[in-house]
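Before I ask anything, here is the structure I am working with.
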Amino acid sequence: MLRERTAVGLAIAAGALLVYNLYQMFMVLPDEALQGAIYRILFFHVPAGIVGMIGYFVALTFSLLYLSSGNLRWDSLSASIVEVSLVFSLVNIVTGSIWARNQWGIWWTWDYRLTSALVCILIFAGYLMMRRAIEEPIQRARLSSALCIFGCVDVVIVWKSIEWFRNNHPGPVLSIRTGGGTMDPAMERILWLNFLAILLIGISLVLVRTRQETMAREIDSLRRFANAV
Amino acid sequence: MPEAIEIHQLWKFYGDYPAIRDLTLPVAEGSCCALLGRNGAGKTTLLRILAGLSPFQRGSVRVFGDPPRSSEARRRLGFLGHGIGVYEDLSARENLRFFATVCRIEHAKQTADSWLERVGLSRVAMMPVRQFSRGMRQRLALARTFLNTPRILLLDEPFTSLDDRAIAMLSELLVESRVRGVTILLSTHQLREALAIASHVALLENGRLRFTGPRTPEMLDDPGLLYRIHTELGAA
Amino acid sequence: MRTLSQALAVARKDLAVEIRTKESTNAAGAFALAILVLFSFAFDPSADMLRQMAGGLLWLVFAFAGALVFNRGFAKELPNECLDALLASPLSSASLLLGKAFANVVLLLALEIVSLILFGVLYDVNWTACPWSLAAVFFLASWGIAIIGAAFGALTVNLRLRELMLPVILYPLLVPLLIAAIELTDALLFEKRITGTELLWGRILLAFDIVFTALAMALAETILVN
């Protein structure tokens, strides 16, 4: 019950923040000097990418917690976080494609960072596919925790790629990455507020999905009990 | 007498469903415990936990004081599950030499060859197992199980689908093992064969231990007695 | 040392079975030859195109054919419940996984040598100019593929649709390694010089191997006992 109220509360807070941010984006902030109106998609593209990436590592933490404690609640959390992070990573890629089509005239380019982002999506899509192929919850938890660890080590390569390789993806623009930043402070403020809104949506979704995973496990155990009787 | 196997308040779950519930069972060194119960009682699950093949969620399990997955425990163990555990594409000799190597047996080749002799397969030692009859495979499986001179034997329905020669061989090996003080835990539906060699009995139903105690002459005379007295289905 | 000697025993057993049955090698070899031939129909293999695509083609062949090898790796332990017999023995899970990886890498290297010879003949490519550097690249990349292939083969051995699941989870993880291998192979086949960029790729290969070998061995028990 508390979890449901928390999820609803977070969703409402996220909704309110989004409304404020959208107002700021479309009514207050001017068009960007070089990009025009399309730059506003970056207020969703960048936070979705960050939340997605952070999510994979948070899922890793819960996978490690599961392996050390054996408590299936951690596995449910881990799987739910991966699922939600995957959605945000897809949002990141799709919004990036739309921006690239507008700015560069192409939907996609195979530079290493974009490729690595797509690879991360494939890794964790494989994780979710593998979970579906395993019926027994404890076996599913152990194997997917192991795969999550492998996957997250690969994600590290994604993070490092922007430093390792020069490519045609825009470089870092956030002031925490560049020291001084190449983004207008007002725009960067809305970017971080939208990051917060997307994070709240993500947490809300994770709480809902975790509850569904727990219920699925309860149904599975009832079915096993019925078969045994 | 010290306990060879100590199982204390063991719980094993499949998801949230408990397949083994709060099971406490000490097995003294040198004893032979027949693990009885209907299909789905948890016999195979328990043996697999003891063999280190299946994790458990609560309680403690010790094999000569070590956790089941420790290499010390597994070095003292002989396990025969439902499968014969030998490779079809290798010869009998290659199979036994391989398992002797992984069991870290000194003089692996000589030990493998002597077991081939013991189970009557030395004439066909170079033949791939794929070409063996069923009885020959079963005897090879017995050789693999006893290869490392185990101090604990975990046997899951060992008499099932054995031919007469293999049953005789297994019975002989079990009697010898008992004389050597080997601890034996075997699950079975063949009550008479098991009760004939068992010193103790443990009865499982739906993952719970319903009865444990020494094997009595009454059990030998009426093997179904335990089920009738101690299980809910038997009472019904 | 014990882990290594036990792993070698497992590898010897697997290779003995493979030499006898040739299950994986026949399938992988036929598959590799088919792709190499089909390539000539899919693209016009001019000298310039080969210069750009040789490394990519070769490593795609090795990765796809390799999956046929990895699928069989732990699957051959399922009949007669041999995997249970192994896990109940004193053999450690790490030794078992390492042994499977050793067998995988030998089979993969054999496939690569044959494919390289065929590739050189079919497309008139001289791969003997830098043989030792090329051998080092092939070995490092093959080890990375083999250890991940072994770990994921163990992960998927008891799953429904094992043959489908293994490639789905294997290939995305191998992407950084494959890119490094492709870049290095292209450089060694055609440019024949090693610059700072190639050295960076080489370091990536080595780091990938070390990290994922350590990870596979650390997680072997979790993957195999469940």
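Letters A, B and C name the chains as they come in the text, with residue numbers starting at 1 for each one.
FYI, contacts are C-beta pairs under 8 Å (C-beta built on N, C-alpha and C of every residue); 3 or more make two chains touch, one makes a residue touch a chain.
A quick note: this is a predicted structure, and the numbers were derived from the prediction, not measured.
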Kindly work out which chain lies most centrally, taking the average of its C-alpha atoms as its position.
C
Contact-richer chain pair (by C-beta pairs counted) among A-B and A-C:
A-C
Per Cα centroids, the chain farthest from chain B
A
Taking each chain's mean CA coordinate, chain B and chain C are separated, in whole Å, by 38
Taking each chain's centre as the mean position of its Cα atoms, how many Å separate chain A from chain B?
49
Report, in whole Å, the distance between the mean C-alpha point of chain A and the mean C-alpha point of chain C.
31
Give the residues of chain B touching no fewer than two other chains, as numbers and ranges.
55
Shared-interface residues of chain A (touching two or more other chains) are 138, 142
Scan chain C for residues touching two or more other chains and write them down.
226
Contact footprint of chain A on chain C as seen in their complex
148, 151, 155-156, 158-161, 165, 168-169, 171-173, 175-176, 179, 200, 211-212, 215, 219, 222-223, 226
Can you check the complex and tell me which residues of chain C touch chain B?
2, 6, 9-10, 13, 16-17, 20-21, 76, 79-82, 84-92, 221, 225-226
Touching residues (chain side chain B, partner chain A) in the complex:
13-17, 40, 55, 57, 206
Given the complex with chain C, which residues does chain B contribute to the contact?
48, 51-55, 69, 71, 74-75, 77, 79, 81-90, 94, 98-99, 101-104, 128, 144, 154
Using the touch definition up top, name the residues of chain A that touch chain B in the complex.
70, 72, 136-138, 142, 217-218, 220-221, 224-225, 228
